[in-house]
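Chains: A, B, C and D, in written order; residue numbering restarts at 1 for each.
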Amino acid sequence: MSAATVFGLCAAALVGLGLFGVLVDPHPLRKIVAFNLLGGGVFLIFGITARRGAAAGFASDPVPQALVITGIVVAFAATALAAALVLRLVDETGRVTLRSAGSGGGPSNDAHS
Amino acid sequence: MTLTFAFDAILALALVAVAAWTTAARDMFAAVAGSVAFGLLMALVWVRLAAPDVALTEAAIGSGVTGGLLIAVGARLRRNGASPGAEPPGAILRCTAAVVCGLVTVGLGAIVLLSPEPAPTLAPLAARHLPQTGLGNPVTAVLMAYRAIDTLLEVVVLLLALVGVWSLAPDRYWGGRPGMQQHEDPNGVLAFFARLLPPIGIIVAIHLFWVGSVAPGGEFQSATVVGAMWLLAMIAGLVDLPPIDRPGVRLGLVVGPVVFIVIGLAGTALAGAFLAYPPGHAKLLILVIEIPVTLSIAATLGLLVVGPPQRMPPG
Amino acid sequence: MANFLLAAAVVVLTTVALGMIRVLRGPGAADRIMAAQLLGTGGIAVLLLLARAIPMPGVVDVALVLGLLAAFVSVAFVKAVGGPAPGDAERAGGE
Amino acid sequence: MSFIRDGLTIGAVAVGAFFFLAGMVGLLRFPDTLSRLHALSKADNLGLGLIVFGLLFQEDELFPALKLVGVWLLALLAGAIVAQLIARAAIRDRPSA
């Protein structure tokens, strides 16, 4: 099996794990970590596409590589913004949760089962 | 051949194991430390995928600066003694999510196995026009010439993210300094380290910046190293961050995007399209863009890590 | 020679992968940091071996950046777990 | 000549890899934080140092060789200082250790 295939399968597993963390983990900071795992998996899919697109003397297609570099930087910006939101949330409410105390509810409100 | 496969298999297994543990870990710091380890392994993966430019970015941003950010946030949450808040969702939801995520994994795996090899590629096109850009590194050529508009927007996105982070500051701190005051023994080990490392880091950053036109490297990696060194000096209490309403700070943050846009608009007049470079001047113009952009990205990344202002504005 | 260096890279990578257990299990924050530090050094060693076994430009630079940023992360970690008083990790041990 | 160089490389890299292995075993098996730190700092410095030393015999040019040494010195510096900081943090956390 080529490196691209091995890491492609790895990427599929990472996307699944990251998605699971984003959906299920109640802690916002851990959701952010899971989001980064998910992003890592998606970037790897780009990476193996680039590796398989090796041509013209390049070991890897430069266009997806540039996309991934952009993606890593933007993912960092999103992480920083999300982290600042979590910190402000804690400052305001003293709790690390997206679920509101009363009615209304946050995005994970349907978790009550 | 089998050795490379063994290497790849161990690396892939370690990556998935770290991801799984990070998702399952109870302790928050375990999750944060796991994500640092994850970034490190990802950098190795990028080298194996023949993408050293991406490996540099991952080592600098994915593992380094993101790790620093998550560690700082984790420490603040712990200090504030914030209660965990929500309990994990019920069994039904967990099972449903597990099934859905399993399906996504299986589907993606199938796509990986079934997709054509060799994949469709833009590499020949990138190679054909490389001489016109005067660059030797195709990835830099994509970032700075073929798809310069993406890079411009990316720099703007970073700036917007910083504006978003700052706008989360409580009113009383607006215009104040971000981060906490650091109290550190000026003759201590940490201060020594923070005096020694930044000069080395800046040399590495200049090296990465300079080779970026012909070899792996470039302005993002270089800027991240500079930003990290700035943060290190800040952590050690050697420098304090400026209040966010200083004109100099604002200027430093916008100079990169502004120069980028001005040269892009000049391209409209001189070369017929936004961000087009006149023939023969591409390399020089790219350099003129890259220098201020690197400084702006370094400042933006550093300030993104420390977050919104946390201290009263002076006076 | 390339095969030998690759085999050495596999060995070091395995130790790095096993060292991850300590990052994840802790128990103390100090254990996590030092394990992360070992991972950084091990990652550098793997990269240097790979750079020689499978020549590719820029891999040594990746090792260099990894070294710089791993040091930064370790320092950030030490400071972050330094307790509620931000920053006097220096005197607490009593020299 | 190249035979001798290859032999030196193989020897040094093998011993270096062994130090990493030993450091990992110490990291996983030693009972308390400070002895784990002790095992680790040996692996860090000697393991990487020997691997760099071995690889130097394969370099023909000066600049890449200097860069390898630079990487090692950087790791050595960072390792020494981080070990110091970690030890202090560990002692503070557990005064009895």
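Convention: a residue touches a chain if its C-beta (ideal position, glycine included) is under 8 Å from a C-beta of that chain, and two chains touch if they have at least 3 such contacts.
Computed from a prediction, not measured in an experiment: that's the story for all the values here.
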Task: If a chain touches chain B and chain C alike, it appears here - done: D
Open item on the list: Taking each chain's centre as the mean of its C-alpha atoms, which one ends up farthest from the centre of chain B?
Closed with: D
Task: Pair joined by more contacting C-beta pairs (C-D or A-B) - done: A-B
- [ ] State, to the nearest whole Å, the distance from the C-alpha centre of chain A to the C-alpha centre of chain D.
- [x] 33
Open item on the list: For chain A versus chain B, what separation do you get between their C-alpha means, in angstrom?
Closed with: 14
Open item on the list: I'd like the Å distance between the centres of chain A and chain C, where a centre is the mean of that chain's Cα atoms.
Closed with: 23
Open item on the list: By the touch rule stated above, which residues of chain A touch at least two different other chains?
Closed with: 59
Open item on the list: Where in chain B do residues touch at least two different other chains?
Closed with: 4, 11, 22, 34, 48, 50, 53, 65, 74, 189-190, 193, 197, 200
Open item on the list: Going by the contact rule already set, what residues in chain C reach two or more other chains?
Closed with: 16, 29, 33, 35, 40, 56, 64, 68, 70-71, 75, 78, 81, 89-90
Task: Pairs of chains found to touch, sorted by chain label - done: A-B, B-C, B-D, C-D
Open item on the list: Quick check: in the complex, which residue numbers of chain C touch chain D?
Closed with: 1, 4-5, 8, 11-12, 15-16, 18-19, 21-22, 28-31, 33-35, 37-38, 40-42, 44-45, 48-49, 52, 60, 63-64, 67-68, 70-71, 74-75, 78, 81-83, 89-90, 92-93
Open item on the list: If we count contacts the way the header does, which residues on chain B are in touch with chain C in the complex?
Closed with: 3-4, 6-7, 10-11, 13-14, 17-18, 21-22, 25, 27, 29-30, 33-34, 36-37, 40-41, 43-44, 47-48, 50, 52-53, 55-56, 59-60, 63-65, 67-68, 71-72, 74-75, 79, 180-185, 188-190, 193-194, 197, 200-201, 204, 207-208, 211, 215-217, 221, 224-225, 228-229, 231-232, 235-237
Task: Contact footprint of chain C on chain D as seen in their complex - done: 6, 9-10, 13-14, 16-17, 20-21, 23-24, 27-28, 33, 36-37, 40, 43-44, 47-48, 51-52, 55, 58, 64, 67-68, 70-71, 74-75, 77-79, 81-83, 85-94
TODO: Spell out the part of chain B that touches chain A in their complex, as residue ranges.
DONE: 4-5, 8-9, 11-12, 15-16, 19-20, 22-23, 28, 31-32, 34-35, 38, 42, 45-46, 48-51, 53-54, 57-58, 61-62, 65-66, 69-70, 73-74, 76-77, 80, 82-94, 97-98, 100-102, 104-109, 111-113, 115-124, 126-128, 138-139, 141-143, 146-147, 150-151, 154, 157-158, 160-162, 164-165, 168, 170, 218, 220, 301, 304-305, 307-308
TODO: Using the touch rule from the top, collect the residues of chain B that touch chain D in their complex.
DONE: 189-190, 192-193, 196-197, 200
